[in-house]
Amino acid sequence: MSHNTIGHLFRVTTWGESHGPALGCVVDGCPPGLALDEVFIQGFLDKRRPGTSRFVTQRQEADLVKILSGVFEDDRTLSEFGGQVTTGTPISLMIENTDQRSKDYREIRDSYRPGHADFAYDQKYGVRDYRGGGRSSARETAARVAAGAVARRVLGDGIVIRGAVIQIGPHMIDPEAWDWDETQNNPFWCPDKAMAPTWEAFLDETRKAGSSAGAIVQVEASGVPAGWGAPVYGKLDSELAGAMMGINAAKGVEIGAGFAAAAMSGEENADEMRSGNDGPTFLANNNGGVAGGISTGQDVVVRVAIKPTSSILNEVRSITRDGEEVDVRTIGRHDPCVGIRAVPVAEAMLACVLADAKLRHRGQTGR
Amino acid sequence: MSHNTIGHLFRVTTWGESHGPALGCVVDGCPPGLALDEVFIQGFLDKRRPGTSRFVTQRQEADLVKILSGVFEDDRTLSEFGGQVTTGTPISLMIENTDQRSKDYREIRDSYRPGHADFAYDQKYGVRDYRGGGRSSARETAARVAAGAVARRVLGDGIVIRGAVIQIGPHMIDPEAWDWDETQNNPFWCPDKAMAPTWEAFLDETRKAGSSAGAIVQVEASGVPAGWGAPVYGKLDSELAGAMMGINAAKGVEIGAGFAAAAMSGEENADEMRSGNDGPTFLANNNGGVAGGISTGQDVVVRVAIKPTSSILNEVRSITRDGEEVDVRTIGRHDPCVGIRAVPVAEAMLACVLADAKLRHRGQTGR
Amino acid sequence: MSHNTIGHLFRVTTWGESHGPALGCVVDGCPPGLALDEVFIQGFLDKRRPGTSRFVTQRQEADLVKILSGVFEDDRTLSEFGGQVTTGTPISLMIENTDQRSKDYREIRDSYRPGHADFAYDQKYGVRDYRGGGRSSARETAARVAAGAVARRVLGDGIVIRGAVIQIGPHMIDPEAWDWDETQNNPFWCPDKAMAPTWEAFLDETRKAGSSAGAIVQVEASGVPAGWGAPVYGKLDSELAGAMMGINAAKGVEIGAGFAAAAMSGEENADEMRSGNDGPTFLANNNGGVAGGISTGQDVVVRVAIKPTSSILNEVRSITRDGEEVDVRTIGRHDPCVGIRAVPVAEAMLACVLADAKLRHRGQTGR
Amino acid sequence: MSHNTIGHLFRVTTWGESHGPALGCVVDGCPPGLALDEVFIQGFLDKRRPGTSRFVTQRQEADLVKILSGVFEDDRTLSEFGGQVTTGTPISLMIENTDQRSKDYREIRDSYRPGHADFAYDQKYGVRDYRGGGRSSARETAARVAAGAVARRVLGDGIVIRGAVIQIGPHMIDPEAWDWDETQNNPFWCPDKAMAPTWEAFLDETRKAGSSAGAIVQVEASGVPAGWGAPVYGKLDSELAGAMMGINAAKGVEIGAGFAAAAMSGEENADEMRSGNDGPTFLANNNGGVAGGISTGQDVVVRVAIKPTSSILNEVRSITRDGEEVDVRTIGRHDPCVGIRAVPVAEAMLACVLADAKLRHRGQTGR
């Protein structure tokens, strides 16, 4: 990880501001010969697109992705799908910004919105594209989602990545009621059928109150073979933690049992093993699929805490650039619970980290 | 972060196995002219040294550090302390292993200890130094603590890094009772005077029962100026999360309010600002000192969940390298609660990440 | 350097194929507050633009650059020029391809052009965008030149970067006749007034003969302060050599006296020093401005050998993708001497390496 | 490449000063299961050891290497040689300094030796280990040679790396007389039997005159498969140029025809291809085994220009640290022609770059 780049062999560099002409990313190190077209990537972008329900920002962006390089349709080297394939060279992806409404933000140009990056950016850079948060806007995550689509091609169909919201505000789902199919039946990626109406009522109330709500997102990858990752600083869980904490508004990351492991005894926490028909089996997954920084073959399970959206209608006390005290309210179009749209982003980060781990593992061990 | 290296401008590469001849690290990119000698580094190593109380491993290691390169005592360029200073070239630090008792581990050579890296390493590498966990042993953290001492010289005396244990097993301290001085009065780095006896009784019981306990560690840095960090993938909190999750047995990381932020409203979570005599002040620190990935000038606050030590006397079910089912108990000398000795390690990681952020910020902005 | 990225703190990642929709780069790590607009960058691109004389490719590309991110015009934070400035976030630059004529290349789709990357790419990737050389085309260097313009802003006006061609085919200039102003008076960047007509005649003949010619380019930077660079693998000359050898068709790099140093005695080669009015002065510059990998304050002098353009009208023996023997002639529009257009590219590489060295030096030493 | 680290997946970080207690390196990313012991590495170190003839420094160093980590002898996982193997974790190699004679250098403590890094280091760091050149001493290359031994294990026996000196002072060998076996019959790695006596006489004279001589080294790798390397900034020739220019006293690098290519026509320079019994064959190797930055399967051929040793007995004009003018002569024990001992170093660099390219290629393409 280095400023705006993530990954070592599968490297993603994102660029772009919320209200600039476009945003995008360059994916370098993608293996050649993988089927990749705009339709495939667009499917992932549509999952995080604004304006899809009243619980996410009403900004209307088509978020149409263009592939500018790194793919080619050669009648001699067709993909399994008969279309264009990656060539092994950098893949440049661009999404044009079409609905910026920059003047919405003019009035908060000089004031620091609490919880936002405004103050920190000014302290660091001395200059700041204040329109919609500029570089610190969650719009940047569209580029990550696009990169995550490429990562999925690297991982192949044998690895399935899924995500859900498991808590909004104080309301946590019942893990026993988990049903992945349910995540498709409500606008919250909620896997607990009984919880969805509670969240709906809670968020309607939150929105009417001019406030916002936090959330916890859980993403999982199944089908990851044992052996990916590396000791000490290139640990798979270390890379995952770094990637997830880099998501806008993320304040916590845990793997497997996570913070709950602190209260367990050694016996409770041990993922005991037995011999199964298809190799080793584990009797629990407190490790979240990673031991010693290396995948074990179990499902990789990661949770991310997302703070409530900092942009709220209600006034909060702050200061201006010049140090004068003001009350700030943010009247732009914002997600009442940014955690919902964080699901496809966290899935994309998981895909990118795993794709990089796969290539590095293959590089070092030949397997 | 890259396999066994952390940092970009201030780069730490560690090496060594638990029962090899030595372990150590190379610190590259350290600024020149900083006072640095073995006595200074040794002070930090002594904080994590084994054998200091009955609550940590009884392995007896002096953990004496040697500086093999990167410092020089020049009568023309004395440090403020009159001794040797860093020269800007790589600093090689070595700690010899003196009390390995390798035969303790011979009997678990072929069995996978649940919760340990044994299985994952074998799956990845096909060969494994099984003695004491080899590379995956917590002994590796001695090298990190040594590097953290160098990082503190980079940060200077204006930045104070401190750590504490705030939960052992199910017993969490009372945050209202926090007293940093208390962390020096008990063998647990416990900041809550009333809690220390509870932990003592709990850990004695845990040890007698042949079991182990998890913990939560909190580390803080005060004096960090606003502006360190970078957008998107080089975020300060992203780097911290990656570094902390790389600590042995870490399963969760949170910054500021962390997972609790998920249950807050936007107003509760906002760190409101006012104008103080010495510049901006914040009325809360839910952000943990980082906004948009960049430091705000508030205290940087990080918590790490440490799972219970996987090496326990009690039998747990597992398999051998050849797939046969066995019951495993680990009779070596281990920490009943590895979270205690994780405090100086987490402090060191915080120091290393901040030192790197300082140099990168200075490089990009000249400040 | 890493696949398609160069630099550590000032990082340039390029992307794009010769005949795709566009090419470009992302410049990450650029300091904030530097005046930067498209007009400034365009000036450098115009220096390498195709179609400017009969000695370079007749492809007609406007090579218009667009800045897609990383700059902002804030009425509160104007640049010295009153316009937009860099914000410290990634600068995305894009150049659309407008004159591709892809069908020109269809006939060499299946044949390997000797001296080109065709065979090697197929061996590596199994698939290849054969149109105009795809990723291996010299068109990629437009993105480098654009990045070099940004690098110049980082370096500031005190550092002057200039380039010249000193040899075309067997005809080398007379170093005694060197006049930088002359490089503006001929289409060859030739600093030796007497040599330009010789080259003109030679290249006309070469072109008529359906052949091509090699060249040697020299680039220099004056005003570089002493102290930039780093020991061993981050040496300034090491970085320069890597960057220059990465230019299309480059086969050799030398610093200062270069290969001629091999024939010198220690006394001849020594850059003796004296005390001048403004600090140390050197009586020679055989080191080319770098000693021990670190700049000395002398002019940085680098020469690059560029092989003759591999695309020639004359037939050369080769094989097809399927191993059949064929004779290949390349009838597209090509530079008879690609070394001429390598001048602004080598200047850009010099600027990028120095900009990165400046930021890293500042990061490590605070100066 | 980053300060004191070279490589991406196969990463070598060196440390150590000429007159410190030891020097060494950490090799990270080495694949597991490769036979590696001290005897194997020592063989390479013995090739560059000082004191082996009157044409190299008379410093007497045993240069005994110790492996401190990263290997293990497991009776279950024996290497083909029955001994210890690499484990995939960092390999730490250390060479103790035994014959420093530091007082030799005390008198030049305050004077800058022309051609040396003394002045540049002082300008950069403000402090400098002046004893024997400290970090800038050619002694550092012992660590590279040790790392190069590990790299050879990564490459396997199918890739043969060899080196020779082809020019000393003004005396260049006759390429037609090249005989690799001859390099073992003289103390110069001279492949031209007739040239060795000329060099012997020339260097005896040089030494008696208190002077020194430059040289050109050529290293080659045969057996490299087509496809290693990457476009643009990770080009194989770019990495080679960077690595070779990082060798002490190197001032030029060329690949294949190198600077001579500048004088060739396109037809002369083209490496024409035909179909052979075992696949494609090339009728020439002007490309030096690399096209478009990717290996072609031909021999990789690299030449490095080494300037004359800067440490000479004869007086040269210089200044002191305080700016006073002085005459400097260096009376330590030095190589009259440091190019001779650069041969095993250049071989090691070639091995390291290829090992890294192999792992990266395998990672990206699975081949």
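First chain written, first letter: the chains are A, B, C and D, and each begins at residue 1.
One rule holds for everything that comes next: contacts are C-beta pairs under 8 Å (C-beta built on N, C-alpha and C of every residue); 3 or more make two chains touch, one makes a residue touch a chain.
Because the structure is a prediction, the values reported are computed rather than measured.
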Next on the checklist: When I count C-beta pairs in contact, which pair ends up with more: A-D or A-B?
Outcome noted: A-B
Checklist entry - Greatest Cα-centroid separation from chain B: which chain? => result C
Checklist entry - From the C-alpha centre of chain A to that of chain D, how far is it in Å? => result 45
Checklist entry - When the C-alpha atoms of chain B and chain D are each averaged to a single point, how far apart are the two points in Å? => result 38
Checklist entry - Cα centroid separation between chain A and chain B, in whole Å? => result 27
Item to check | Junction residues of chain A - those touching two or more other chains | outcome: 2-5, 8, 14, 29, 32, 88-89, 124-126, 135, 231, 365
Checklist outcome for this item: Counting only contacts in the complex, chain D reaches chain B at residues 2-5, 11, 13-17, 20-24, 26, 28-29, 32-33, 66, 68-70, 72, 74, 76-77, 85-92, 94, 109-110, 124-130, 134-135, 321
Checklist entry - Within the complex, which stretch of chain C touches chain B? => result 8-9, 29-32, 88-89, 231, 359-360, 362-366
Checklist entry - For the complex, which residues does chain C have touching chain D? => result 1-6, 8, 14, 112, 114-117, 119-121, 123-126, 135-136, 140, 167-170, 206, 211-216, 225-235, 237-246, 250-275, 279-280, 283, 286-288, 290-297, 305-312, 314, 316-319, 323-325, 339, 361, 365
